[in-house]
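Presented sequentially are two complexes of chain A, the first with chain B as partner and the second with chain C.
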Partner chain A sequence: MATEADSTDDIDWRSEASAVEMSRRERLREFGRRWVYEPAVIAWADMRTRIGLLILSVYGLMALVEVFGLWRNPGTNQADPLLKPFETMQFPLGTTRSGVDLLALIIDSTPFMLLMVLAGGVWATGIAVLVGTISGYKGGTVDNAITSISDFFMAIPGLPLVIVLAVALKPENPIFLGVILTINYWAGLGRSIRSQVLSIRESSYIEAARTMGTSTPRIILKDVLPNIMPYVMVNFVLAARYTIFAAVGLYFLGVLPYTGQNWGVTLNYGYEKGGLLTMEAFHWLLVPIVAIVGLTFGLILVSQGLDRVFNPQVRTRLTGESESIEEENETTTTGMM
Partner chain B sequence: MSTDSAAGNRAASDEGVDDPILEIDDANVTYNDGETYVLNDASVSIDRREILGIVGESGSGKSMFASALLDAVPDPGVLSGQIRYHRNDGSTVDVLELSDEELRQFRWEEVSMVFQGAMSSFNPTMKIRTHFTETLKTHDRSVSEGIDFARGLLENLYLEPDRVLDSYPHELSGGMQQRALIALSMVLNPEVLVMDEPTAALDLLMQRSILQLLDDLQSMYDLTIVFITHDLPLVASLADRMAIIYAFQFAEIGPRDSIIGDSAHPYTRKLLNATPNIDAPLVEMQPIDGEGPAPVNVPSGCRFHPRCSLATEKCRAEDPQLDVFDEFDTDHRAACHHWQEAREEIPLNAGKASDWYDASDMADRTTNTQQSKTDGQPLLSLTNVDVHFTKEQGLLERFSGDPDTVRAVDDVSLDIQEQDLVCLLGESGCGKTTLGKTMIGLQRPTGGSVEYRGQDIWTADGSDSTISHDEIRSALQIIHQDPGSALNPNRRIVDILSEPLRHTHPNASTNECRSRIYSLLERVGMTPPEDFIDRYPHQLSGGEQQRVVLARALLMNPNAILADEAISAVDVSLRIEIMDLMLELQSEFDTSFLFISHDLSNARYFAEHGDGRIAVMYLGEIVEIGSAERLIHDPRHPYTEVLRWATPNLDLDAMEADDPPIREIDVPDPVDPPSGCRFHTRCPVAREVCRKEQPELQEINDGDGKAACFREHPDHEYWDSEPVEGAQRRNEPPN
Partner chain C sequence: MFIINHGYVSHVMKSNSGLSDYDGLISRRELLAVAGASGMAMLSGCTGGNQSSDSATFRNAYTGNPVDLHFNTSGIQNYAWPAGRAVFAPFLKYSFNKEKFLLGALKDLQINDKEVTLTFRDDLTWDNGDDWTTEDLDVQLQLAKKTGTSLWGYLDDYKIVDKKTARLLLSNTTNPQIIKFELTNFFVDTKKETHEKFLDKDVSEFLQWAWEDPVASGMFSFVSKDKQAFEFEPNPEFYNADNVDIDTYLLQSFGGNTAQHQALVSGDKIDAATSLFVPPEIVDQFKDHVVEVNIPAKWGYGVVFNHDDPHFGKRAVRQAVAHVINRQAIVDNAGPRSKFVSQTPCGIAPKDQEYWLGDWMSDFETYGPKSSQTQKATKLLQDAGYSKQNGKWQSSDGTIGGEYYSPAGWSDWTTMTSTVVDQLNNFGFDFSISTLPTNDWFSHYSNSNFTMGSLYWLPGGSRSTFPYFPLRYQLWEEEIGGGHNYREKAESEQTIPGRGGGEMTITPLEETEKIAQQPSDDKSRPFVQRAAWHSHIELPFLGLVSKYEQSWMTNDNWTIPPKENVNRRVKWPPYWWTHEGELQHDA
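For the complex of A and B:
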């Protein structure tokens, strides 16, 4: 059966079990179960993820509405100035002083914001994971070089750097903007991922993988990464949150260039036109704030719930595989050992 | 359960105990609102000044019993029942009814506890002295008097009081820490000492030495000791009475001699037979089938019936009560319906003498086998291998003098043949793991060479290499000590086992890989394989995990496997089974085995069944090597004798342990090893010449193997040299 020379030919490798053969279809189903069905069940079982996902889907819906042009575009004198929220259902979130529909403003910039947040999060955590795992796992000279570089980046004050870059590069593309905003976020995160990897690489299963001659990238991918995934997920959300706050802050300060109004710019106008001082314009300030806080909150809830997806114990318990194996008594066994 | 039975038990438990200090009645610990019992109907009385040994497998509820004695069951466990403590002055308290403040005083002052793993019991940022003073202050005792008392304790534990008190925990070795912890638990002069696996993390020699000290302390300070362990032979040498715990219930309680020599419960008898031991004939050692139940699915009726060969319908239906079964032996209680059959059907191994050992015969036999094996090129060949580690230095130390070097392995030469079996035996810190990892190319030696079939491992892939590095890498595999941490918790068994196949059969189809995995899982006893293949490691028991690790190593088609203490994390009742499996697979897969152990009885089982050798290591050197039979019956190096002494034994006559044949309990610092023979600081027969000259590892006379001791040479100047201080002037040269 084997094509290669096999020093253990005298052993019968064929199993009597009938379930050995797996058709392509079964394998596909197995793949789906493992990567789609199970994570979904676990994520949904947690209250936090459920609420988080609902919140995020509202933003997704808003982005879709904008993409397909299902809601009017913002424009001046669409309505009476400074309508209160829910005063007329035609403009549910009210209007600005110049009669722009606030809901239209929020919806208009949702795809931009989401793209930027995603880019910022992916960039920051992606680089940090790459740098952290390689320097933590390889050690030695590679580690020294990488840590020195990230030390350098950590030493540069983040906000001034971003302001200078923003002024110099005038980023208008949301993805480019997201990357600029988190330009040195990876350094600190990479450092903490490295320290996690340091402890994992000493574990016996990594040594066993090395003994088998498994290549370094594969060990990092299969043995190291899944074990730091919960930590990475939480930090992805923190980086995304940082991106929103940084962007909104810089728009508010007027550092970043813009063509249309987005959440940060709306916040700025609302503030300048007296949103803090008069009750008349208060909703002008409140609406973008709720939009920002809601997105952050949704992200945080999802990340908190998601770390359970990467926990094999929770995974087996919730997908009903554990049967009689010591699962339900986690508390008791830890107490006894 | 029912109150009637509790009353019955109470009456029974009082038998044989004249002056109880602790009476435990019907103690239960439950979780999940009383659904899950992790301690069930425990009723036992503990006599004043006795040593009670409690034996159970991991997860049998024995630690829960210890916590219950101090009313310290971890939340959310609920403890019910009665635990009465009788003070010296005759007054009695119920421990479960004490207020928090009274309980605080009761713990440590009346009953104190020593836990497993001293490292986590000490605060690493505080000196040992601070631990003592804090404890004294918390209990409103005089610090100066207390410290004086502590000094006495430390001295009785063979520690230097000043040095230990002024050290931080990490500056002490594991054995010293554990002894300091025992002193700390006794500083308030408690009446009862509850010890939960106090020596489990230590090697055998240190365990035995500590037990010896405990025996002395017990009589010196009038202590009552409750000693909880999974290691039956270990506690047998110390205990006055023993209790066997199985699946959260006591299975048998009685005087030590009756439990060891005439036990009535099938579990005890099987456990005794499953324990590797250096006297019993090898063929008689039998593993117990199956594993202990988890608290959530305890079998109905007698809890042992699924694993018991004598089980009948009655056992399945009716839970036997722990009771006196023999009116002539009222101290001895067992929970079995069929104790008479048990005694008849399950004969005990211990006490049967091993085959008569004939040195010359053995020498012939092993030289023959060695001869046949030495033909041709060795599989692995170590020549003058050194592994030295340089200690990390502080900034200031860098400017002053040489760095400290730990000589983990020092000038070791060893050949391993094809299909050979070598056990490395020694105390922790003797360099056996480092040597093992050097042999399979996981640790780069700082000197000497390691050759695989004539090719230096570390220059493979060079210009003149005959064997590629990849080939060597896959030929040398490892099995780790703790199977739980040797398997990635995030991967399923099928993924874990596919990994080696990616290397050995890169072109195999998925189905072919699966069929290989299935057949090997069947072979290592995990049937049916489809039940296991999609599980995560945490869904397997310890024994099953170790089988998966073994299967993973075998799928690489290795020529040599390093098994680093591979069975010490497995339950006692399963050890023999795993060892047998390894041995069977060794012959089936034509591999060599390097087995690392600190336990002579396990090494013996391996070496004798696999017809291999045992190499005894001390401070980075091999001091003796030979067949198991020869090492046990005719040890030539004094250190081998020490290890032989340290190996617990189930022979009642030999059990009253004599003093250790050793002068110092602690191993010298490997940074600064003793001059001459490294063992001379502890050797009971060391002489002046041993301080200066280092003995070579040489073939011994009339026996197989080699030893590094001057006593092997009848005309060596050793015999005219003066004994060093404390060493005995013992026997004369062999003629």
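For the complex of A and C:
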């Protein structure tokens, strides 16, 4: 009994016990500190995140401008044809051959593009994380079944499949379109995540958690996912980027139906009307390219910055807790041993 | 562009430049022995000696992979029409600038009442040395009947008179122009020995047949094809062989319009682009030796109405649409260089209206070709029971509008669609643009699943010069299976406002059919005037814009005919000019 009492005094691994003692306000504060403040501080400490967020906020702003109707809608003969950027501040990005304000064209389709990109990224990475973690952690029959399904989807060539689906389903809703464009993107990513989970599941702390009888979902959520989150975030961005490029490419080719001129369509018209061959129309090609590249660049910078958020070493060092936690961990480990 | 025999020369030059690498293997003396005297003559040419050669390669641009293309002119898919024009002689052609027909393989063409006598050239021969005879024509006409070629809509039968003469027996008196225009679609492309086997087979088998090794009757013989190009050589058996001053005719494959634009901007990559839309800004980049030849396309952007729609089934609404649209703005936005407005939307190609309408023309409503006549449109809609609420025109049937369909990938059409829809929405209609892949765009019309949308208002080609074709097209519209729901009205007697007041009673299809049944233009004209009058009042379609085909030639190394020459504006210059000897090597 004395041994038990001593041991309890030294190591308190029953987190529930301490949580019960915390008030609701303290819990909220703790949650905010752990999940909002600390990640924000860490992320903001990175220059890439700051620039990335700045770029993305510009797109967010453009989306709000469109939603609240703060800029004119694109329309033919709004201005003289082929005005150059900054030739007049009334049409800062210039106009097309038919006198359409290019800034209005970009703003008009920003909410659509953001929704589509978000849908594509969430769908691709969400499914990949789900199948990758379950398959990697559970192993056995579950792993075999999921792997076989993934193999099937990986064997289907991506672009032709997307083109066939686009022609057959004629997706016009941005969320649906995002899902269609990344319809089999998850398979390869899921396989990579599975490989990572296979190595993580052999870690001593996972084994310890299993030994203590922690449930599988909890282990995956608390112990496995944080370890693969940097990888997932980077791939979320890659999936988002793939969605943008696939959409622009298919709009460019005229495979997808559309109701307004989005970035891909504008790019196509700029290209066909001589954007590559004459300086008069060059800005018509350049403006949608900048919009596409800018969004992709912003996403990549943010993903690189977020890598630090999910990296425990960086995180603890930046929040000034590394030493104490390391000491505590050492003590705990030793004690347990 | 003139090219000397680069193949062998460059090969020898390459060998020469790399000679030091092989010093240990082959001496210069041995090289001489291997290459021979002629090889060394070329070698001296590329090392500074004077070189003269008569070899000339003509490079014509085309978008399409030759490997997938063939020479069966009736083939449903993948018939390479520019390649076909190189190897098959035309029966006759139409000169758009002189408005006359020019004979090709035909020596004579006589059209009398119900008989058409075709007399072919005595020297018409296949490139394998076989004589062309009416036995070949016999097979060609039987296959044409089998495939439902439109010429057979006027024929009862035909008779073979002799080896070079045949007689077509018309079912009714038919305007000679119609037969001539129909015959401009015919080429000497059917040889008894190769085509006869399809007479007893299912038509689909013939339509799907890919003819890969054609026997030529035209200027060139087929040599080979690969991913890059079709290659042709002069056909010594061709009746105008002396006119052909080209040693190698290449039909080069390009990835698309922009690639052809780039080639023309460079000025030395290609010698011609048969048919290529080029925006004005890019034309400005072309070198001076790139020559534009404009040929009326008799085709263009228009609006098709669903005549079963509660709004667009009403004549007043269709007329209001016509008043609101500023047609010149469409042209200015989409291509002022190659497009032009229709003076009055009456179902006749713009450049032919004056000739056919005569003194009626000044009485036609123009609907404001260069302005948006919103006041007239407002009055029409108010009289029809519409009112404007929240900025939109409405009636008990709802708001006027719907989805306005446009084909994806046709960039100038999208620009025109945006212009039209912006104008209509600014006036108070409620349209949203739906840009669809071409098949889907077309199927909406075939299935009558639309209210109003974009569709070409002229059937195209030289035959659209003759009003019967476009007027009938607008009433019947076979390509969408009558999906605009006007056929029933076209066959019914209608009362419309007459010329100079009063009323006019007309059965539009019947009136239009009579145009074709007259023996001359003068006899056809009264029917054309009445049918066109009906068309511009009733507006089965709304014709907005027509255009020129842009064909591009170069004159730095090739001769071209002057602007007033009868051969200048014949489809298509890279072929017909060669046929007539107008395109000569001039380096």
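Methods note: the second predicted complex is superposed on the first by the 300 of 337 C-alpha atoms of A that agree within 3 Å, B and C clash if a C-alpha of one lies under 4 Å from a C-alpha of the other, contacts with A are read in each partner's own complex, and residues count from 1 in each chain.
Definition applied: contacts are C-beta pairs under 8 Å (C-beta built on N, C-alpha and C of every residue); 3 or more make two chains touch, one makes a residue touch a chain.
Please read all numbers here as calculations on a predicted model, not as lab measurements.
Q: Answer with first, second, both or neither: which of chain B and chain C does A:207 touch in the superposed model?
A: So A:207 only meets chain B here.
Q: Touch test for A:170: chain B only (first), chain C only (second), both, or neither?
A: Only chain C is touched by A:170; chain B is not.
Q: Identify the partner contact of A:156: answer first if only chain B is touched, second if only chain C is, both if each is, neither if none is.
A: Neither partner.
Q: Given the superposition on chain A, which partner contacts more residues in chain A: chain B or chain C?
A: Of chain B and chain C, more residues of chain A lie in contact with B.
Q: Could you say whether A:258 touches chain B, chain C, both of them, or neither, answering first, second, both or neither?
A: A:258 sits against chain C, while chain B stays out of touch.
Q: What is the contact status of A:36 with respect to chain B (first) and chain C (second): first, second, both, or neither?
A: neither
Q: Pick one for A:274: touches chain B only (first), chain C only (second), both, or neither.
A: The second partner, chain C, only.
Q: Is A:82 contacted by the first partner chain B, the second partner chain C, both or neither?
A: Second partner only, chain C.
Q: On chain A, what residues does chain B touch that chain C touches as well?
A: On chain A, the chain B and chain C contacts do not overlap at all.
Q: Which positions of chain A touch chain B when the two form their complex?
A: Its residues touching chain B are 1-4, 6-8, 11-17, 19-22, 27, 203-205, 207-214, 222-223, 226-227, 310, 312-313, 315-316, 321-322, 324-329, 331-337.
Q: Would you pull the chain A residues touching chain C in the complex into a rising list?
A: Residues of chain A touching chain C: 75-77, 81-82, 97-100, 167, 170, 253-261, 265, 268-269, 271-274, 276-278, 280-281.
Q: Help me check something: in the complex, which residues belonging to chain B touch chain A?
A: My answer: residues 31-32, 36, 38, 58-59, 61, 63-64, 67, 73-74, 76-77, 294-297, 440, 442, 470, 473-474, 476-478, 480-482, 485-491, 495, 499-500, 503-505, 507-508, 510-512, 514-516, 518-520, 522, 528-530, 534-539, 549, 552, 556-557, 588-590.
Q: Going by the contact rule set out above, which residues of chain C touch chain A in the complex?
A: The contact residues of chain C facing chain A are 257-258, 261-262, 265, 279, 281-282, 284-285, 329, 332-334, 408-409, 411, 414-415, 418-419, 422, 426, 432-437, 440.
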